[in-house]
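Please read the structure below before turning to the comments.
Chain IDs A, B, C, D and E follow the sequence of writing; residue 1 opens each chain.
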Amino acid sequence: MFGLGKHMSRMREQAGLPPGTLVHIGEKKVEEVRITVIDYDGERFQERVVDSVEECFPYKDKPTTTWINVDGVHDVGIVEKLGDCYGIHPIVLEDVVNTVQRPKMLDFGDYIFISLKMLYFGDSKRDGVKVEQVSLILGQNFVISFQEDVGDVFDTVRERIRKGTGKIRRAGSDYLAYSLIDSVVDGYFVIFEWLGERIEEVQERLVTDPTVANLQAIHSLKSEMINLRKAVWPLRDVISNLERVESPLIRKETLVFLRNVYGHTIEIIETIESYRDLISGMIDIYLSSISMKLNEVMKVLTIIATIFMPLTFIVGIYGMNFRHMPELSWRFGYPVVLLALLTVGVSMLVYFRRKKWM
Amino acid sequence: MFGLGKHMSRMREQAGLPPGTLVHIGEKKVEEVRITVIDYDGERFQERVVDSVEECFPYKDKPTTTWINVDGVHDVGIVEKLGDCYGIHPIVLEDVVNTVQRPKMLDFGDYIFISLKMLYFGDSKRDGVKVEQVSLILGQNFVISFQEDVGDVFDTVRERIRKGTGKIRRAGSDYLAYSLIDSVVDGYFVIFEWLGERIEEVQERLVTDPTVANLQAIHSLKSEMINLRKAVWPLRDVISNLERVESPLIRKETLVFLRNVYGHTIEIIETIESYRDLISGMIDIYLSSISMKLNEVMKVLTIIATIFMPLTFIVGIYGMNFRHMPELSWRFGYPVVLLALLTVGVSMLVYFRRKKWM
Amino acid sequence: MFGLGKHMSRMREQAGLPPGTLVHIGEKKVEEVRITVIDYDGERFQERVVDSVEECFPYKDKPTTTWINVDGVHDVGIVEKLGDCYGIHPIVLEDVVNTVQRPKMLDFGDYIFISLKMLYFGDSKRDGVKVEQVSLILGQNFVISFQEDVGDVFDTVRERIRKGTGKIRRAGSDYLAYSLIDSVVDGYFVIFEWLGERIEEVQERLVTDPTVANLQAIHSLKSEMINLRKAVWPLRDVISNLERVESPLIRKETLVFLRNVYGHTIEIIETIESYRDLISGMIDIYLSSISMKLNEVMKVLTIIATIFMPLTFIVGIYGMNFRHMPELSWRFGYPVVLLALLTVGVSMLVYFRRKKWM
Amino acid sequence: MFGLGKHMSRMREQAGLPPGTLVHIGEKKVEEVRITVIDYDGERFQERVVDSVEECFPYKDKPTTTWINVDGVHDVGIVEKLGDCYGIHPIVLEDVVNTVQRPKMLDFGDYIFISLKMLYFGDSKRDGVKVEQVSLILGQNFVISFQEDVGDVFDTVRERIRKGTGKIRRAGSDYLAYSLIDSVVDGYFVIFEWLGERIEEVQERLVTDPTVANLQAIHSLKSEMINLRKAVWPLRDVISNLERVESPLIRKETLVFLRNVYGHTIEIIETIESYRDLISGMIDIYLSSISMKLNEVMKVLTIIATIFMPLTFIVGIYGMNFRHMPELSWRFGYPVVLLALLTVGVSMLVYFRRKKWM
Amino acid sequence: MFGLGKHMSRMREQAGLPPGTLVHIGEKKVEEVRITVIDYDGERFQERVVDSVEECFPYKDKPTTTWINVDGVHDVGIVEKLGDCYGIHPIVLEDVVNTVQRPKMLDFGDYIFISLKMLYFGDSKRDGVKVEQVSLILGQNFVISFQEDVGDVFDTVRERIRKGTGKIRRAGSDYLAYSLIDSVVDGYFVIFEWLGERIEEVQERLVTDPTVANLQAIHSLKSEMINLRKAVWPLRDVISNLERVESPLIRKETLVFLRNVYGHTIEIIETIESYRDLISGMIDIYLSSISMKLNEVMKVLTIIATIFMPLTFIVGIYGMNFRHMPELSWRFGYPVVLLALLTVGVSMLVYFRRKKWM
């Protein structure tokens, strides 16, 4: 997921084309585009999967709040038709189909464009974190949302609309947009909880087993963190701009909710920063564990050498072939030397134990 | 207390719920919710523990200053009823029962919501620092405070109200809120004094005994610091916003006191920063202590090897079995060689002493 | 390309001259200056290579949009004449012919001067990244662009004008200037994709083969990054200023496109920052790989020494020439000693395997 | 002076007291409080040491400029009486007697409160740098200054008033306050000169003698720098606020002088930053000096081992007891082997000298 | 030049004096003060060296532009007289004679004071970079410049005035001031080119020869960089303030030139920052070169030990004096053992070559 070159190479596909030319950039994650329309106000509620994009057009002029959700943005034709109908600037549609951009927020007066990154697990947690772009277009009485894949982060929002719980049915499109952003940000917490656990796991493995493999595990965590940071960090400005945009599209009652989700974003960013701190601390621990191991090895070497070198020297003396070496013919020369060797060896051991080398 | 994943996992419990749904997030720290009401003005003073939350409602319309303190926020029903009576926005109540948020301050015109983190020791200092969320709602003539546990940081404020010392009885609800914030911040100093002592302790142990265990002690200090920083840092903005909010709820006389507590917060933050500096300096000392130890070990090895290798070589020469080795049959061959060995050994020792290796 | 001193030495050539004196600073990259004029509006389109600079002058007063592209800025006379005709301030012309400046944007009311850096590969990717200065002068109905070499980054823009695709023929000179900037920024993505691949390449080589040569490869990547950063970073301010300049030369419709290219610039800058993070992480990996290798070597040494030192000591004992050494005359003395040697050696090996040193 | 815990513990003494309660925090540095009054205008001048604080009261309503200097702030009664007479807010008096606060500046309309840190040496430079809090209250026609000890940094100001040199006698209380601040800041230069010398001293010792003791000397310098930084850094804001406060108490003529002392403060801060840079560079030098020493030791070991191991092996060969070893009975076997040993040894030495290991 | 303590000690000389007292701080670099006056307008031009400062006074009221250049500021009397005549505030004159201040810019309405640092080489490049303070006072029709020494950085400006080339004779005093600042900044490029070359030089030496001497060369480069940064960095604000000062003294036409020199300053600052990056990268290379060298040494040791320890053990076996060692009496025992020794030795060498240790 986090290949360095890949990201850029997709970006390049568009290089040289006139701005506003819709080119899908990114992986095609779903086979067929699926469009669902949810239309509601305080009393009524309607939900349907439409077969062709044209079926969405009549909702444009209805006073009810309409939420058009598009799963899959690789079919640029569909995106273009929808954009034409709702009067969306081509450059926005270009951003919708370019799934490798950083989160942004643009105010066009009639509508506001918001793009952010959804984080979720693949089929299993083993597959790591997936990043998907979610684009929102917030109009007077509609929200159009684009996802890359058939996701389920928005299911709780759908459920709330269906059941009519909370204030979502009574509030307008701005509250719907807020709810969608909020559910994306809520999803971050799940991801970062899992990352926190992985960091702790690696940390434990590291001290007991400081291998290069584990160092690379840290570094892959670190670059994953760099990538998630790139996905989350700009959200801070996006939401902060939403708060201050003073657009008639965002009512005063919704501001307090945006302020709330802004707080959550700050919390996520602070979490990322402390994870980075922890990770760089782990590299310290790793490097010093290696040093400690080297120290241990060196001590063993030194103890062995320090004990046996003098002993070998002593036995070497009595291996000399001088004719006149009185000790050699002494009756107890041999046991005395053996005793001397033992004494030297043992006193060395005692010395090392005192020095706490053993 | 500072488990990485735990914090996040609690946050997740709320993911997907409509905003304004009250869900208690965090540990349930006290069995039963306890509500105390203190009602006073310059002349009168009344203090009581109420049995049901409804007993608090009549105080709403009294002109006197009312302080309702709620110990325990896990019973969301109580929080909700109190909030309804005093006209508090559901999103504020959500923040009250979510105890793992960062400190914040929100101005709703009629009332101001302030949430901050109280730091205190558990039953003994051995248990480490505990973090508890304190929420304050400051209205025209009331302050509602929520704590997670039956704490005693506010006891000095209670005492001052009871005794009528200082200006607290004559000043209004804003001064009461300030007093509560001030006592929370005062509590920080106690905690950071203790942390400073622990840092010095570890520092001393580190130089004399650079083990991985001590390195981990540093790193646990470091991540504790990261966590306390996250609790304290946002307070700076909270209080600075309080100063500049220009709400009629905060009178001009109280501003000078807020400025004072703001200064204390800055001081705490600077202390945290210098502790961080110190801790990263300790890691340097640690790493170089390890290097020094390795150096010492290597020197011993080198001295031993450098002394005994030449000596062993010399005795090896006279252990050769050549038929024609005139020295072997010399009368004083053996003592001369012994003397030579001694000379070589001693001169080496002198050399090393000169090189300051011993 | 990234010689430290060279850059400065060129700068110096101008030191001491009065401001506004045109001196070409930089390499002469093309033999002859080539001037092409493209003149168009919604209906008409004309493209020609002019022989002398004077042929450009008549276009000045035509209402159509004129794009004058100059390849090669070493002939200061041509630049001066063109500048005189279009009423350009001498200090701007000085910036045009000084090709070692940082990107900048200056608003002179009648026209806006923009200078930026174009990145491209030499004849082959082996030659590395080349940096070329592109200067744009945006007037009411003209854009003058200066390049150092006959480049082709602008070819896609030319093609679009020729074919009349997109809105370029209908939009004015500001949209043309935007298109040129956009194609320069698009070119960055190609370069940074290639750099990302090179970083990954070096990273892989590094772990398997931590030599000083590879460390220097990292450092050359790092200083290349520093240089590209210097070329790209100021662009952020240039485009941000263009957005906010409130000049009548830039129409409101063009702003949304500038905002788009601004987003791309931010993305490039963030990519540079994460590359820098990755590179500094690689140095960590490198240093610890060296330590690991040292550890491995030390272990081999220690194992050898620890096994053979005691063995050599034992055989030394039985090489002593004492007259009274009963073992020497034992029938099975020799095989017993051999067996003892074997036992000692094997048990050491077992010990090391248990300690995971082998 | 720089104990971590001590600072905090003093702060704690006040925890829980109502704000405005005067509690002296800090060491009692002088036995008896000494109050001196200097009263002057362009013509007249009077200086006296008063016995009781009440003697200061009559100066309040005199049109002349009055400087009341209080040495010793542990007697809170005196501070309180003085404050009452001059109408000072209790929270200011609290700051005056709390000597462990960070520098601050508060504008109360009628008067301005400034607190800063005076740095000076103890009885000898050996005692290190002492930090003392100086509080100034600047009113329309008076300045009250509080010091912890009987100091002499202000003597030059006193002298100037006595002699009537410079403009001090003609200028008002704001110029007096400026003069006092200026003399405190001038004192910093003396301290930082001395610190610069100490840094150079340690730096020299470090390269020649990289011991852990010297590393700790660096770290004590570093934490001293952290502490001095905490004392000086906030001064920047204090003086910058004074410049911009737009109080009638500070006349326009005085602003240029404040700007001057502001420049000095910036200079001190930049000096601190470059000292910090230097100190962290020293740690690099230290660590690499250790590595170099280890390298040197290892080389000696390797040279010794590499020379004597082969030699010992050769002599070992001729120590074998094979019956059929023709060399042993050669006439010149022994001298030939000795020559061979010499050749091997010398050629090794030559090899090492070529490799620059010796 | 960059002694830590010296700088401060000079600053101290002024400590305690009343502000506005002129005390020369810094080295006396020239014996006698030399004053030159250049007076010009579009038509006329006059240049003379004056003998006494009084000769400058008549120029004050002439409508022509007057440039008074003072070489040498140690004679405070001259500075004072000149200041009195032109109505300069004493605090400015104090800054003029205090040559160890940071660059600053002060607007006094009637005149603007600018102080900056001139960098140049001593008599030869070997002497290193010299820093000299240049002070400019820009008035309606005059510029007074103060230098510490008889310098020649301004010669090109003088030449342009003499020859009347460029617009300098027609433009006013603000353009003259700009020209002087510009020539100072141009001089920086020469210095930083030389520094870039020195960095490259040290870098090359470092890899081939990682000695502590070279590390100290890096650190001296680093602290030189810190010092030059202190001289150049504030210039950014100085020029940026000049641009925005909105003084009638600086005409709109001159602003574009100031913006140009501002760009150069930014370029110099970015160069400093990338040099700092490079230097800290060099320390990494240095440290890892040391590690590599240690590795190399350790490998040699390990190879020697690993080859000779087993061999010595084998010959030791046959040096034992057991009576019953059948091999000893074998006919080909000796050659067989020699062959075995050779086999062991060679197979070890092959093993090491495979492991790439040789």
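Just a few scattered comments:
Here, a contact is a pair of C-beta atoms (placed from the backbone, for glycine too) under 8 Å apart; a residue touches a chain by one contact, two chains touch by 3 or more.
Computed from a prediction, not measured in an experiment: that's the story for all the values here.
The chains in contact with chain C as well as with chain E do not exist; no chain meets both.
Path length between chain C and chain D in the chain contact graph, taken as the least number of steps between touching chains: 2.
The angle of the rotation superposing chain D on chain E, based on CA atoms and rounded to the nearest 5, is 70 degrees. Separating the CA-averaged centres of chain B and chain E is a span of 43 Å.
Between chain B and chain D, the centres computed from C-alpha atoms are 26 Å apart. The set of chain B residues that touch two or more partner chains comprises 287, 291, 294, 298, 301, 305, 309, 312, 316, 319-321, 325. Read around the assembly ring beginning with chain A and moving next to chain C, the chains appear as A, C, E, D, B.
Residue ranges on chain C touching chain E, taken from their complex, read 3-5, 7-9, 11-12, 14-21, 89, 91, 94-95, 101-102, 104, 106, 108, 211-212, 215-216, 219, 222-223, 226-227, 230, 283, 286-287, 290-291, 293-294, 297-298, 300-301, 304-305, 308-309, 311-312, 315-316, 318-321, 325, 327-334, 337-338, 341. Taken in their complex, chain C has these residues touching chain A: 156, 160, 165-168, 179, 182-183, 186-187, 189-190, 192-194, 196-197, 199-200, 207, 256-257, 259-260, 263, 266-267, 270-271, 274-275, 277-278, 281, 284-285, 287-289, 291-292, 294-295, 298-299, 301-302, 305-306, 309-310, 312-313, 316-317, 319-325, 357.
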